[in-house]
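One structure follows; several queries about it will come next.
We just call them A, B, C and D in the order they show up, numbering each chain from 1.
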Amino acid sequence: MAQPDSGTNTMVSIPALLRRNANSFGNSAAFREKEFGIWQTWTWSKALDEAESFGLGLIELGIETGDFVAIIGRNRPDLYISMIAIQMAGGIPVPLYQDAVAEEMEYVLAHCGAKFVVAGDQEQVDKVLEIQSKLPDFEQMIYLDGRGLRKYDHSKLHSFSSVMESGKNCGDNSRSILEKRESAISYDATCVMLYTSGTTGKPKGVVLSNANIIETAKTTCEFDNLKREDEILAYLPMAWIGDFIFSVGQAMWSGFCVNCPESADTLSTDLREIGPTYYFAPPRVFEMQLTNVMIRMEDSGRFKKWLFDYFMAHARRVGSDILDGKSVGFGSKLKYLLGELAVYGPLKNTLGFSKVRVGYTAGEAIGPEIFEFYRSIGINLKQLYGQTEASVYITQQPDGEVRGDTVGVPTPGVEVRIGDNGEVYYKSPGTFVEYYKNPKSTADTKDSEGWVATGDAGFFEEDTGHLRIIDRAKDVAKMSDGSMFAPKYVENKLKFYPNILEAVVFGAGRKRCVAFINIDLSAVGNWAERNNIAYSSYQELAGHPKVLETIQSHVEEVNASIAKDKMLAGCQVHRFLVLHKELDADDGELTRTRKVRRKIIADKFEDLVSALYDGSTSVFTETEVTYEDGRKGKISATLEIKDAMTNNVADIAAQ
Amino acid sequence: MNTDDGYITEDGRKIGGVVMEMKNITLRFGGVTAIKDITFDIREGEIRAIIGPNGAGKSSMLNVVSGFYVPQEGEVFFRGEKRPPLKPFEVARQGIARTFQNIALFEGMSVLDNVMTGRLTQMNSGFISQALWRGKAEREEIENREICERVIDFLEIQSIRKTPVSRLPYGLKKRVELARALASEPKLLLLDEPMAGMNVEEKEDMSRFILDVNDEFGTTIALIEHDMGVVMDLSDRVVVMDYGKKIGDGTPSEVRNNQAVIDAYLGVSHD
Amino acid sequence: MFYREAGDFSTTYREDSQTFPIKFDRYRYYAVLLIAFAIIPFLLNDYWVNAIFLPFLIYSIAAIGLNILTGYCGQVSLGTGGFMAVGAYATYKLMTAFPEVSMVVHILLAGGITAFVGVLFGLPSLRIKGFYLAVATLAAQFFLVWLFNRVPWFYNYSASGQINSPERTLFGIPITGANTEPWAVYLFCLVFVTLSAIIARNLTRGAMGRKWMAIRDMDIAAEIIGVNPLTAKLSAFAISSFFVGVSGALFFSVYLGAVEVGEVFGINKSFLVLFMIIIGGLGSIFGSFAGAAFLVLLPVLLKNVLVTGLGWPTDLAAHLEFMIVGFLIIVFLIVEPHGIAQLWRVAKEKLRLWPFPH
Amino acid sequence: MPDQLIYAMEVFFNGLMAGVLYALVALGFVLIYKASGIFNYAQGVMALFAAMTLVGVMEGQVPFAHLINAVLGTKVHHFGWHLPAFVGIITTVIVMVILAWLVQRIIFKHLVGQEPIILFMATIGLAYFMEGLGDMMWGSEIKKLDVGLPQGINLWIDETTYNIFDYGFFIDNLDIVATIIAVTLVASLVIFAQYTKEGRAMRAVADDHQAALSVGVSLNFIWIMVWSVAGFVALVAGIMWGTKSGVQFSLSLIALKALPVLMLGGFTSIPGAIVGGLIIGVGEKLFEFLIGPLIGGATENWFAYVLALLLLVFRPQGLFGEKIIERV
């Protein structure tokens, strides 16, 4: 492993970084938390002090080198500090999802054999106590908020402050133990262990070393020029790698301040008060926020609404270009400035984004119009692609090269290659050490050269070098001519249209692709109302010629955009129909998390699929449905099948 | 009278000696006798309930305890000393705080300011200091704010801290009122129908807060409540009143089995 | 709209409880102070000072005073004119008795004397409430005016029964009498106004203010949680009267120079100041300024438009003024009982949430 | 000093007469207060306005003449007629009823349920508005009002008392007439309240708004009626004072004098208003006569208030009010 470039070999662990920060800018803010009405501040010196005291307290409690300590609770400075303290005292912190139920915790706590638990409040304490009989290694629990715990049996229970107090008053012996253990931490020693949620099977404990975290933090801080003056709001689960990298790794490396909100209720107010300069949120947060903006704007007066629409239209035209530093006309620039004064500025202010210099979103595909909205009003929102095993970063978008449909270029220091089946592999300083107590999975995921399979299929755009993620690798199939078939990629593109609620694309092993479409009743219904189109049921609306026309235009637009990618051009939808019923989890067509169950749908609507492939222009079908009260019934309809225009790859290239 | 050492409750809490003792209290309004010769005590750390049908004189009793009404006959002992007739604000300074049946918040002020009024008895900086917002006044303001913020945190009303009270829904107002009473760190907390007009969920919340207050701060609480179920769950000992007279006194289970109580109270409510 | 609050947060209670917790508001306040102290003095002439600035400043102090009593403590007083008269006559007696002592001292002492008188007339407030009290304060109004009118000692036995303000200087610059400079009297009053506003603000946001407001909002509850109504009400009367007294002192000594008590400090003055705080906003320091500005500017405006502009007789404009003032009082009470200050608050709130409506 | 005593007796009688007029104005207050909880500060200005309107109508003045002249440059002043008193009075009554309707409709309908002090301040606003309006309509100069009431010294009393005390009491005929009218008015109001349907409804409203509403009494109607009656009482008071000392601004200040009357008598009691009026009338005249000369005179300006103030301190509910029991 490469050593940090400071040359003195001191920055080999998170505790070492904390010491550096406390020594070089001890009086600036390390953490803040809104509590008791104001932002309580932990300076770097105070953070170090508390970390030391807590570490000593843990030693007094009997922590041994290599012991795992679980941390369960909402984002709070004390919990972050305790993670560092655990490392100082020779232990390994294991942050857990605070909303996990007791059984889920049981697996994780038993798997790592956590000896101590640091719990946020009574709720977490209760969960652990409930399962403690099944945890042979569990010894002591430390709680932060003692409310409601007065009457509990305190033989195994300690308050955070009492542990810290005992650390402060401990003898020289403990101090020398702490010193010894802390200085023994090597660059390759384990920094943290995080459990991946695991879509299949049991969670896996991803072991990350100091080198993983620090190297990643270093390169990414440089990449986005993160500085001590930056502010971040820590509100995502502490058990998620992203939070660990942002709020611990990058914060320790560059010395910026981590702010913790008061409670979930006050999140948006707290966000606005802090005004972070560096911000991360998953797409659904941005989406919800945008919906909220639109709803609130609907209630505003006509003038404001007009002003908003007028300037937002302008922002859509030139906002992104201005953000990317491209040249736009003087008039446009001036108008954008006016818009900034009247709309964008205030909007960013009310949302709390006035000061965001770097914003990221990741995790799933973000709707292009959502992404564009934030960028157009001047928020430097970017996408990154990563996973726990990579200490987050695999690719990310550099400033000025931001687009909605890519996830950027490989993060400095990361090598990425595309496997034969389209799967993305990477190799980086952030690559995890191993899955804890699971050599088989480790070997399956990481080869001897250090290449890690992401499980995602993707490709690099030739002209820009940006990575585009298509789908989960195992969902990607081949069409009969051997070209790549990535249904989810196409479906996502279709679903970005507000009129389309769900789409199911078929084509594996076939020559061409076809699709089922579900319209979005509220969006299309709204449109129908405005255009005086009467309808009495979903089925009727779905079969309306004008609706079909609109959907067809959406499909054709998607085809055009797919055709631009040589690899995926085969996935263009040749024929489609609009389903006569909404796909429903009650009928087993969707999972409870609203994911399409392709196989079941293909079987259930076999008649429709074959009609799409046999060239007929309409098809009669009868389907069994389950009503909300559990009764079953049948609906029948004659569905029209539409041909959609497709594009030749060569044509596109020629244009 | 303060020589005994209290008792142990059903759930194992230790209850201390007598904090307040009402001896042969009689209260009249003009010709109407609201309370007739009532004697009972309230002990350190307990939750004491006063129940009874409408018009039984519960509120009048609480007003006697709080010193708002001065009884014509009988004696009130607070912490072992006989209490002379006091002005209401003098009673407050002795460490008795209360909430009201019909919320009595200061509608023109924010939640925080309302809670801060609970600290007024502890604030005594001089005029000059206050006028200049320097020295003692500022120190006091900050120290008391800290105490109030802890109460706000405890009752989970952080998100409405700066909201004017007039904009709050009923249930929250009740909670703010409790916060105001708690802010004074009372030795005895009187709650006049703390759950009146609440839905089941709000009642559960309020019950939890009352128990938490008692548990966390060891506050002695006396309360009036209509909802029998709530009273039985919450309280350690219950006084039952009917037509201004005491007809029962004891633990919830004792009271529940008392024939006079069943006749007067439960009987009335079940016919 | 103009607010950029992201990143504007407080880490101490001192920051959180300051008068203008929002940075933008704070800077605007500094800007107003800068303009008032450093720019306006250079632009003044006699007309502006006498027609607008002096009355505005002096009435602002009176309005702040009455607002403490009425807006914050809920005790309606119709005796403001009488208390202003106390301030005026106290200064006069002090000025003539101790010519060598600084005017600042005289004015503050006059405030103190008024505070004492205020407490005397405030005593009934312990027993009587609401408009009973309002009517009772009329006793102060009529008695005090009669006293200064009929007891010659107060006007030093002058033949006219008037009091005249002799010339006094501060740092060698005349601030009373015939030879004053506009900027000097303006600055002199401005200092008093600024200090009054700051002190009033400090008092109203602290323990004392909370006592007052508790009494105002629900006096019984206030007493039960430990507010002594005696000290709360009397302190409101004292402090309120202090400000009103200072205002009366300035009104006489700096602004008018000569005063006949029945004319200047009659019942109409009481109403004028009461209207200022109703229109400006009960329970708001800013409202006191807004109301004073409004009712000082209105007649000037009417006079300029109707008399100078349209050539109406003066008395007609005066009648119209009465109608407009009366009408506005009713409109404000119906539509916005918290006056201009509330409109301002709402506007600020809207700007903070811009472009959202709520 | 028998002379002093005799003078004092004369003063006493004069005080009684003045007190009757105070009571009359106070009656207007009580009516409105009882029915709607509004403490109508504008009662005095209503009297002034009524008197001005009466003079204006009888003299044939053009309303808003000054305004019209100022705006249009015309020179209109009078219609040129003189109307008999009863026509003027009827017209004025109509005007006052319309005014009552407007006041209820435009102002107090929107203030239902507000705190009493807010209502009180609204009536101060109303007073200002009406004062401006009156001056604007009829001009602000002092006007003579003569509706044919007898004026001047009552010779019979003068002679009789001269024969008895060797000193003729000066008692104005007008005061006697005023007393008679006032007594009649009070009596008829009491009868109205006791024996007519409207009167009973009015009392019902005064007792309990909600209950009155629930038995189908129209609050709006009652309030307009009460304001109208109060307007009528104001007119009567206006005629008396106007005849005595001319129609001018100071007339509205008399209303202020009615305030301490109310504080003494209680806001809700008609007998209280009468007794209070008499006490104040006699008290201030006697005080001025006995103490006035010692302390500079003109004590009528404040005597009534200070008296009321002192009384209230010791008996906050007034002489006839009920003791207030505070509840929480």
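Convention: a residue touches a chain if its C-beta (ideal position, glycine included) is under 8 Å from a C-beta of that chain, and two chains touch if they have at least 3 such contacts.
Values in this document were obtained by computation on a predicted structure and should not be read as measured data.
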item: Minimum number of chain-to-chain contact steps, chain A to chain D; value: 2
item: Higher-contact pair (C-beta pairs counted), A-B versus C-D; value: C-D
item: Centre-of-Cα separation between chain D and chain B, whole angstrom; value: 50
item: Geometric centre distance via CA averages, chain B-chain A, whole Å; value: 49
item: Centre-to-centre distance between chain D and chain C (centres being mean Cα positions), rounded to whole Å; value: 33
item: Between chain B and chain C, centroid-to-centroid distance (C-alpha), Å; value: 42
item: Contacts with two or more other chains, residues of chain B listed in rising order; value: 68, 100, 104, 145-146
item: Residues of chain D engaged with two or more neighbouring chains; value: 328
item: Numbers and ranges of chain A residues touching at least 2 other chains; value: 37
item: In the complex, chain C residues that touch chain A; value: 1, 3-13, 15-16, 352-358
item: Residue ranges of chain C touching chain D (in the complex, touch as defined); value: 74, 76, 123-124, 127-132, 134-136, 138-139, 142-143, 145-146, 149-151, 220-221, 224, 267, 271, 274-275, 278, 310-313, 315-316, 319-330, 333-334, 337
item: Residues on chain A engaged by chain C in the complex (per definition of touch); value: 32, 37-41, 231, 272-275, 293, 296-297, 299-301, 304, 307-308, 341-343, 345-350, 352-355
item: In the complex, chain A residues that touch chain B; value: 35-37, 147-148, 150-151, 262-263, 265-266, 269
item: Chain C residues within the chain B interface of the complex; value: 13-14, 17, 199, 202-203, 206-208, 210-211, 213-214, 216-218, 220-229, 235, 283
